[in-house]
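Both of the next two complexes hold subunit A, though its partner changes from subunit B to subunit C.
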Partner chain A sequence: MDLTMNITRNETEHLVSLSGDVDAFTGPKAKEAIMTSVETPGVAVVVVDLSQVEYMDSTGIGIFIGVMKACKQVGCDFVVQNLPSRVERLFRITGLYDLVSIRKGESE
Partner chain B sequence: MVQKRSEADVISLQLPSLPEYLGVARLTVSGVANRLGFTYDEIEDIKLAVGEACSNAVKHAYRLEEEPGLISLSFSIYPDRLVIVVTDEGKGLDREPSADQLAPLYAGRDLDEVEEGGLGLYLIHALMDEVDIRTGDGVSVSMTKYVQRDGVAGDDRTISEEEV
Partner chain C sequence: MTRGIEKKYVQLLRDYLAGQGEDQLYDAQQLGKWLLLQDISPEEMIDLHGRALEYLGDVPEFVRASFSILTEVMIEYGNEHRSVTSMRSKHKQFQSEMAVASAMQKSLVPQELPVYPDVEIGLVSVAAKQISGDYYNIVTHDDGRLCLTISDITGKGISAAMCMSMLKYAMESLGDMLHGPDEMLRHLNRVVERNIDPSMFVTMLFGCYDTQKHRFRYAVAGHEPGFVYRAKEGRFYDMEGKGMALGICSDSHYQEYEVHLDVGDVLILLTDGVTERKIGRYYLHRDELVSYLEAELGTSAQVMADNLYSKLLLLSQFELPDDYTMMILRRT
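Moving on, here comes the complex of A and B:
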């Protein structure tokens, strides 16, 4: 019921991997971690990997919309990848699926 | 002795209205829904709807500086359906949910026009078969999910037009 994050950084790209549950309790720290990457000078792409997400609700959708707005401001790209089927369903029902950039991994 | 029961079996749960207990509400509903024989995806849908209802209660029902209130959940188990009611003791809704709150995000819409919140009620309606929201002193969200057997809905079920 908790959320852990692993961040891989290189000069121009940050990869934030989320693992566990994204809800109103864990959401703020996920948003903070992603925003820190977005605001890091020189970072052109922020990728969020969702393969290990076990639960996500509209808190997650709100975070991604906020992050997409911040990226637009600073001019970096925001991409999500490896959506589990439950997360994809959430993205499709809410309509985020058509608004966010989704990177197709090798496994897809 | 086997008794024929028309009443539902009812399970109740009360939680402090704090975000750290949202996971407990989800775990509980997951266990109850599993009891009724829902599929994995149906259980996950129910979990998400209940998570949204509880999350709304935590976020909107109480002011942070006050003592955390309580969220009450009841799970009524009928032979053909599960009825979950999430009730808070907060200040209630000022008005009926607006159309915006019951709509998905739209592609092609400018990102600046998209709000960060407000999708919870839309999701609850999209995921459950019947939804009834009452507001007064606090908000009560009643959500029903029917058990599908052999791909056919329960006998006395009326198909809702709102169904997604």
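Moving on, here comes the complex of A and C:
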């Protein structure tokens, strides 16, 4: 399955909503979109919504680790919201759950 | 193009125009294949056809002039042909580099499993593609310890093979310093964190089994620990264990856990290629996996590992989307 992305922007916060599969094939596309938001001057918070993600593999988790490290460098807050249970499990097993800000979004 | 080919082509054309036979059409097809092998471009072929017509008789001026248009059009086909040929050659080179990496990777894992009087080891590790992202190792020590590593490296391909090589040699040098499993992972994490891409990470379970006391001491880094089967109770339990995957934070610390095996108890260590398995439209459930393991309990550790792999492969209709590794340790 493919990955689609929807980005909502205001001056200080970008919300990137991912839908579909985040894996080795689609991951680079997602990473590019999220990193563009991280590197946009003036953006203080980047939120990634995963409510519509059906599958994520370790490459997908790797993207969030890369983004988290990049956010630390530029001083931007990184928030992940609405994790489906299988994705939450991956976040917990790898330890990423304790490192990034997790929140439940408006859809929950 | 040689004069010989030109003469043959003129002859072929002459024969065909004289009788329009099937033989000449067949010869023309064979010639096309040969010209491709010789890397003759479409525009060169058109040029040849134009010259051949001149041999055969008076060519009207408008036919001669039309060849300039045809040649220009076919130049693009020629460019495409050359780019396909170049890609084919690069692909061959890539395949041969992958074969070297795959062979190197195979040399990083043990070729034979150790044999003990009262501990059986079973192992199945299968790569989804040419290079595996799963790494395992089994190292025996003179003091009776049996050290087991099971690990999953993000991504596959050359980067996974190179990372695997780093893990193996870093663990060998750290192992000599006789750290406990928690210390091993703490040191290894620093090596991995400094040396891999920011988007890469490694999950690992590392532990040492004391073959005298039948005690397995282990630590976990972002890896699903696996199961332990208690023969007396006839039940499977999830092994304890939690810790940050390697390569994420430079200062991660790890906890040591311990499992004691009685006669008939079984340890099952695995990678996510086993647990994150898609069966049709749903994912393999923990209880399902346990029931398949339960069905194989009467067999040896190796037969158990082999049968479980076959069972899961059958259920997923012979698709292996991710690397698969299962290590089984059974006290007999």
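Just so we're on the same page, the second predicted complex is superposed on the first by the 105 of 108 C-alpha atoms of A that agree within 3 Å, B and C clash if a C-alpha of one lies under 4 Å from a C-alpha of the other, contacts with A are read in each partner's own complex, and residues count from 1 in each chain.
Here, a residue touches a chain if its C-beta (ideal position, glycine included) is under 8 Å from a C-beta of that chain, and two chains touch if they have at least 3 such contacts.
Keep in mind the model is a prediction, meaning the values are calculated, not measured.
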item: Joint occupancy of subunit A by subunit B and subunit C, clash or fit; value: clash
item: Subunit B versus subunit C as contact partner of A:Leu99, first or second or both or neither; value: both
item: First, second, both or neither for A:Glu13, with subunit B first and subunit C second; value: neither
item: Subunit B versus subunit C as contact partner of A:Glu39, first or second or both or neither; value: neither
item: Subunit B versus subunit C as contact partner of A:Ala70, first or second or both or neither; value: second
item: Which of subunit B and subunit C A:Asp57 touches, first, second, both or neither; value: both
item: Partner chain in contact with A:Phe25 - subunit B first, subunit C second, else both or neither; value: first
item: Most subunit A residues touched (candidates subunit B, subunit C); value: B
item: Part of subunit C, among the options 38-46, 200-208 or 254-262, whose backbone runs into subunit B after overlay; value: 200-208
item: Touching both subunit C and subunit B, counted on subunit A across the two superposed complexes; value: 24, 57-59, 61-63, 65-66, 69, 86, 93-96, 98-99
item: Of subunit A, residues touching subunit B in the complex; value: 1, 21, 23-25, 55, 57-59, 61-63, 65-66, 68-69, 72, 86, 90, 93-96, 98-99
item: In the complex with subunit A, residue positions of subunit C that touch it; value: 133, 152, 154-156, 197-201, 203, 221-224, 242-245, 247-249, 252, 272, 276, 283, 322
item: Complex interface listing, subunit A residues touching subunit C; value: 24, 31, 57-59, 61-63, 65-66, 69-70, 86, 93-96, 98-99
item: Touching residues on subunit B, where the partner in the complex is subunit A; value: 19-20, 22-24, 26-27, 44, 47-48, 51-52, 55, 58-59, 104-107, 109, 111-112, 114-117, 119-120, 122-123, 126-127, 164
